[in-house]
């Protein structure tokens, strides 16, 4: 007894070797792009949060009487102006002790001489959505309190958030393009399979095989290479991410993306090969059935 | 007179529509990865350069006599220890005036009170390759000059360089994987083309066509879709990079990659579609000729 | 069994290859189909094995109007028709045995039953030694005999053969025709398109002759060319029609 | 022209299909090739049109030992041989005219010269109206005639035809054979494999008969079955051999 052989020998040579490789590459790229997008997401959140307090305005301090009337007047003028500005949510000066503490890294802990004009720091929280014209604001502050300066850390950070969002968008575009490429590959492979087996398909149709009977072979074939390629790509991606995480040890700080992914991200990554298998399967089925419908 | 029609109608349906799309996607991804790698390269260079002077050691200043014997002794002790450390290339204290200037952002320009102990800053340049144990060094410094602190900006930066290099490596891995995927696609498309035209190829062979005559059609076909896909992908990539550059306006600063690419990078990007066309062409030629050699 | 009424067939915008064909094949009849090259013999067979739909007119197969049958209801009809294609249409990656077994497999038959049955039939057409050979390794005459075995393995109600002896010599051709006659005796309706006049004269069966797109019948006891399209066709129905 | 010496051919590890064939075809000869189905007729023709290499023995074509010829030097030989394949092998995406023109195109002929010449030949085989039809829209007899036209268009030195009249009726078959005779008169060596005894008897040409892997010649004025393999073969050479 001979083993039951398939009427449609789809696992032929070229498909068996190359398609899983190509699908694997697509899944790898999609997984990396996704991981990058997720990693950035955590950081951007962090940045956005810190943005609310990141804008500071520095006023010249009063040397001998750091908490006297003169200092208060300067603070009131600046805070008043700031609160009038659209986009500013709140503004208040740091207590003298805290301003002093900020200088410690430079001057060391210990009593500072009384004639040192410790600058006054005004903490401002802004609406991250509002587009504040910082140059204009700086000029107006200078008018009410000569010597006032905007610490543009917040400006920098808000631009950084914009950039990070743009990079995330590119990540999603990459995922989308990779998905389009993967679908194209499956359609192409399925069409190529149908073309090279057109005679077989036509014969099966003529001797009474149903469309589903014929499509089934293509679908299971696509499922298998979609899954194989997906797992290959995911494995590669996990290795890459682990290597990156290793390289990032110790850099996990203020500005840089947290490269350790959270649970959601990992679940999303695990979904990529499943998605690739499903995409392959559905694409193959649609492609085959549509082509078969042309037969009488 | 009918127009001269090709014996091998390779531009059929599936190839004409999908292959340029897929190749375009590959080129897009390769171009992005390349651009990222190049962009990082400039920054990493910048960082590496600044690393050489980025490590600073801060010694407690002497309040009334900032340039006297006491200060000199502290400097000599710290510099001596540093120069003994492997990996340290040079170490020297900043002149008093410069240290003072560093405080200006905080204390404003103007005469500082004489009883302010302006810290002494020792500029250290290190071999970026050497792995210095900064914690150990910090402790030893504290022993010879109590109150001495290593400014760990450099440590942070050197780890950042490691990470950036790792990201660049991933970028190159991506380019490599994309290239492998592209070659696979071309091989697959060529094989599929040969399979679906196997009868035509065999007939041409039997009536005396040379291998080159048959291969030529496949080669020009691959060249055309390699080029078309390459240009499509490059166009997309340029649009994406332009959008990113727009988003990055104003962030071009200390820590972040310069996202504007230099001439070399642009030339490299322009080479991507050319490379894709050449890869497609050569792959197709090798694939076809190898298969044809099996015919008698 | 088969009833054509005013059937016309044109390909695309070309001329009508078949014009106003009106005839019936009664169950259990046996006909040759002749006509010069390009007369439309293959086209007529294609209409019967449901590979082409007519441009106009009405075709009734097994008592059912094919024009009104939905596409997905056609496969069961196709399984009741055995076809020997002019170009064989064997599957190159399957052995002779698997090729012949194909109609049974598609119909969902059990494997054990298939094997014995198929081997026996292959031996009958003189291919006992080539049961496991693949079509590319067979000579054309051998391929043709595999194609014939595949057409008859399912004991079809209707057997259509297009030039089934074009690649085999007269002795073997006669043997094949005798096989068809056996099937015919147990109820299969047979139509054989051929150029081979010696075959036709040897078997003395009625001849459907195609020419200029029209059909004429010669010595036709079992076929009725219906000049009156309104005539009752019920008597032509196959009792086994689904 | 063609000289076989102790040629044997087996496929893979199978039995020898052809055994110890030793014969010569002189330039301008005309032979039928016969034998039962599976005897090796197609195999013998394949050896001659260089689609198969012999398992053993020596084949000389146009005065050159094929076994010693490098693969890339074979195309010019193939261009001197016209073949009518048993399965036609037309290119489905080209018109009848383009199919027939193919050998001229591959040989690099000028386009204007091709067109007129090809149209004329297609008219001769009765396909004047189907010059721009593609093979899938042709009947099998029509396809066969296109295949024949393609084989003869290049005025080959050697014409090999495998069952060239299997799908056309006798009248048209005779017409085709007359065409082959015309070619033969202007110097083409012709070998025609066929089952059709009426064709053979009509033309009364010598017959190469294959059976049990061996070749026998009947009524053979222009073929020499060489019992002495050492015999001088120079007289069989084609004057035009490259």
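Annotations for the structure displayed:
Chains: A, B, C and D, in written order; residue numbering restarts at 1 for each.
In this section, contacts are C-beta pairs under 8 Å (C-beta built on N, C-alpha and C of every residue); 3 or more make two chains touch, one makes a residue touch a chain.
Just so it is clear, the model here is predicted, and its values are computed rather than measured.
Taking the CA centroid of chain A as reference, the farthest chain centroid is that of D.
Centres computed as Cα averages put chain B at a distance of 69 Å from chain C. Distance between chain C and chain D, defined via averaged C-alpha coordinates, is recorded as 32 Å. One inter-chain figure worth recording: chain A and chain B are separated by 19 Å, centre to centre, where each centre is the mean of the chain's CA atoms. Judged by the touch criterion defined above, the protein chains form a single closed ring in which each chain touches exactly two others. Taken together, the chains touch in the following pairs: A-B, A-C, B-D, C-D.
Note for the complex: chain A touches chain C at residues 1-2, 4-5, 7, 9, 199-200, 202-204, 206-211, 213, 293, 296. Within the complex formed with chain A, the residues of chain C that make contact are 49-53, 71-72, 74-79, 83, 89, 91, 93-95, 97-98, 102-103, 105-107, 111, 115, 132. On chain B, the positions that touch chain A within their shared complex are 12-15, 18-19, 21-22, 25-26, 28-29, 32, 60-61, 102-103, 106-108, 110, 112-113, 115-119, 147, 156, 159-160, 162-163, 165-167, 170, 173-174, 177-178, 180-181, 184-185, 187-189, 191-192, 195-196, 236, 240, 243-244, 246-251, 253, 255-256.
By the touch rule above, chain D contacts chain C in their complex via residues 11, 14, 36-42, 86-87, 137-142, 145, 163, 166-170, 172, 195, 197.
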